[in-house]
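Heads up: the structure comes next, in structure tokens.
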Amino acid sequence: MSNTITAAPVRHKNTDTNMFLPRMAKINKIEVMTEKETYYELEYLDKSDLGHNPGQFVEVSIFGIGEAPISISSPPTVKGKFELCIRNAGMVTNKIHQLKEGAMVGIRGPFGTGFDVNNFKGKNVLFVAGGLGYAPLRSLINYVVETRKDYKDVTLLYGTREPKEILYKKEIEALEKNKDINFHITVDRGAEGWTKNVGVITTLFPKVKIDDPKNTIVAVCGPPIMYKFVVMEVLAKNIPAENIYLSLERRMKCGVGKCGHCQINSVYVCCEGPVFNYAQIRDFKEAI
Amino acid sequence: MHKAMTRAEVALFAENLVKTNVVYGVVAKDKQFAWDRISDHKEMVLDYPTTISSPKKYFLPPTETLIEFKLAANPDPKFVNHSQEAILFGMHACDLYATKMLDHAFEDTNKDPNYLEKRKKAILIGVSCMPDPDCFCNKMSVDEEVHNEAKISKKEALYDIFFKNIGHKFLVSVGTKRGEELLAKYAKPAEATKEELDQLKVVEKKRVESFTNDMKLDVDQLVKLLPKTHKSPVWKENADKCFACGTCNLVCPTCYCFNISETVKLNLAEGSRDRDWDSCMLPQFAEVAGGENFREHVADRLRHRLMRKGLYIKEKFNMSGCTGCGRCYRNCTADISIVKMFNRLKEVSENE
Amino acid sequence: MSKPKIAFFDFTSCEGCQLEVLNQEPQDMIDLLNAVEIVNFREAISDKGQDYDIAFIEGSISRPADETRIKKIRRQAKLLVALGACACTGGLNAIKNKYSAEDYKNYVYKDKAHYERLDSYAARPVSAVVKVDFEIPGCPINRFEFLKVVKSLLLGVTPQLPEYPVCVECKMKDNVCLYQRGEVCMGPVTRAGCDAICPSFGEACTGCRGFVTHPNINAQKDVLAKHGLSAEDVMLNFTMFNNFSKEDTTR
């Protein structure tokens, strides 16, 4: 299997197609994951690859209602189809949740700059996922799991508010059993039968042992409130700012760097992000 | 370099243009002026202080359809582009400069077909002006970029044709081949005489001396100052009286942010996706679906707006994000002045 | 899908909002009638059906008898939409709430003030009496906004009112600002959606659509005062369409 991923930022350039014109894709498979989050497998009508990098997103169209930016949760190694994990959080996503298998939606993208995967090779990798933040990271996590030998220690921290909010339960169970991954999970509030850690995600950090901080890459995605605290923990482990990647959520409306809604200081998240190197945005007052 | 045309000749030129072309120009509206489609050249004015909104509304209309679709199992979305050949007659230096800045914004990384098609098919005809007390384009490098012939000869002019008012006549500067052809087709201007060129120098000197604004910073000084002002108390000071109504953004010739919305026909069979003017001063601009608002306070939004005007756009496109046209202040119900805000940021920063 | 049945009911009002509903372009009216079935609309049709899905209510609630009637409508309707200023805020009717019954009756009805049928209590918005699912503000409503709301309901999405003030619509239309003509206007704090119809015809906005979500009331007061309005006039500007307060329901 070819796993070549370009390290350079992939920007969606429309030379012969219109950047506002969605392409139609069919929903192949739907799986309800939690009360609010549902898994979708889609494919373009011509079965062409989405051609994305882990960390990129697409704009999903429900015609007559609007578009919503959704991060791609399948690794690029999955060919001819792609997967999204969609939270019912607004008018568009609410309509998506009413769709049945076989329905068509519009897709624009992939947009933005994803994770610089080549920079992860040969290093320790630490994933920190909070809530729905697992979905964008999953693209990268599954890729790293598939190419496990290319990395040193791989650690995954995953936190949700409650046990019932855990996404991709079967995959999470498999990761827990995977001897090659240091896996730690937590919930803010426990529930009956929950025997694992209770507390916010930063309470998992004492369990993380970083041998070679300079050679450790961190990828973080979660709710806005999480970043500041996670970054503090990571820096406290002497991991340099350049090694920390954050995937940020903003209101990406056009997806192509024009409409301005996703702007953080001078950068357009939809083009230069949503994945940022912490060193790059450290001084941006509005970033985290 | 310069041709000369009498006022009557310019009027005839305008008349000829209007007869066979789609022409947009400035018309009187109440006691103010606005850009509009010209059907009778006599309605068009060349001597006007400023317009309410800028001519950006031609290239980036307040509402514009991007795609059309069906509300069916296969929506079959289709791209919509309403571009046409057109002439914009009577643009001031600030608006010419702003158009160039918008060209960068819509060409950068992903080309915006709707804007660029209209832009490509448009001929820009500028006209000189005298500053009013709120104009500060002289500090924003605009005046120089448009009027300095020596500078223009080294690169592409921001206009196709530019009319310079010297009183009894207009001296005409041709910026592009297209402008040259248009002028040759619809007018027979004489070469400017030495007296007329001397008169131009007098008028230009007078224009430069007529600026009475209090702007204490130029473009480069703004770029140095603004990164230090994120926590300045100045944002809050002005936020208290700001309505966050969006007017400043909407009348700004360089503001280009937009919202995307859907319109469905009442037959529920077809619809369109449109873009509408939007404003980073409006409360929901930076809100995400979950409800988190990344610029919740008016002060945050004022800061973002001024950072765009004085810093971000300069960093991105190496052009000033503010043209000094003064529209944001003139149209502000709360009387918030961008010049006073920049000056106050400087003052507070120096006293720290 | 069967067409949803809609009904119109009026309470204390001029019925101008219902007139706006009817004041559509012919094609729009045809499309509307193709999309919905109107079963009760006193101003337009004589048939009266009591089997409806969506009830549009014009007018404020001004008498105890109104309460009985609106509660009955609420029980029947799957969705209840308040139509216009009177139904949404109490509108102009609520101006009387600030005066004693004797005062306003004598002022308005003169020698007929003692007629029993003119008895009323403090005017209140529909939402003060029953649950309202959606409000279409304005005096009168904007007919295009009405169609927009109907379309949203047909598409099964919550209708959205603009979150920005009237100034935005004025700028999109290149209107001359009333303040620039030396007049005053409530546009900076008033919710848009009317296509700035009053300023577009040179008239000041009087705030009939209610305030935006985060109005800068202090700034508006300052601006009005700066333009020479007395404190009393400033208050009149604010309360013309926004007189109703919760305490009024006890009167």
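A, B and C are the chain letters, set down in written order, and residue numbers restart from 1 in every chain.
Keep this in mind: a residue touches a chain if its C-beta (ideal position, glycine included) is under 8 Å from a C-beta of that chain, and two chains touch if they have at least 3 such contacts.
Everything numeric in this text was worked out from a predicted model, so none of it was measured.
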Comparing A-C against B-C, which pair counts more contacting C-beta pairs?
B-C
What chain lies farthest away from subunit C once each centre is taken as the mean of the Cα atoms?
A
Using Cα averages as centroids, what's the distance between subunit A and subunit B in whole Å?
39
Centre to centre, by mean C-alpha position, how many angstrom separate subunit B and subunit C?
38
Whole-Å distance, subunit A centre to subunit C centre, using C-alpha means?
45
Any chance you could list the residues of subunit A touching two or more other chains?
64-65
Subunit C residues counted as touching two or more neighbouring chains
155
Numbers and ranges of subunit B residues touching at least 2 other chains
264
Using the touch rule from the top, collect the residues of subunit C that touch subunit A in their complex.
155-158
Which stretch or stretches of subunit B touch subunit A in the complex?
66-67, 69-71, 73-75, 77-79, 105-106, 108-114, 230-231, 256-262, 264, 271, 273, 275, 278, 280, 285-290, 292, 294-295, 300, 304, 307, 311-312, 315-316
Under the definition above, what is the set of subunit C residues touching subunit B in their complex?
28, 31-32, 34-35, 147, 150-151, 154-155, 163-165, 167-168, 171-177, 179-181, 187-189, 202, 213-214, 216, 218-220, 222-223
Applying the document's contact rule, which stretches of subunit B touch subunit C when the two form their complex?
29-32, 34-36, 52-53, 57, 62-63, 240-247, 250-251, 264-268, 276-277, 279, 282-284, 298, 330-331, 333-334
Across the complex, what residues on subunit A touch subunit C?
64-65, 91, 94-95
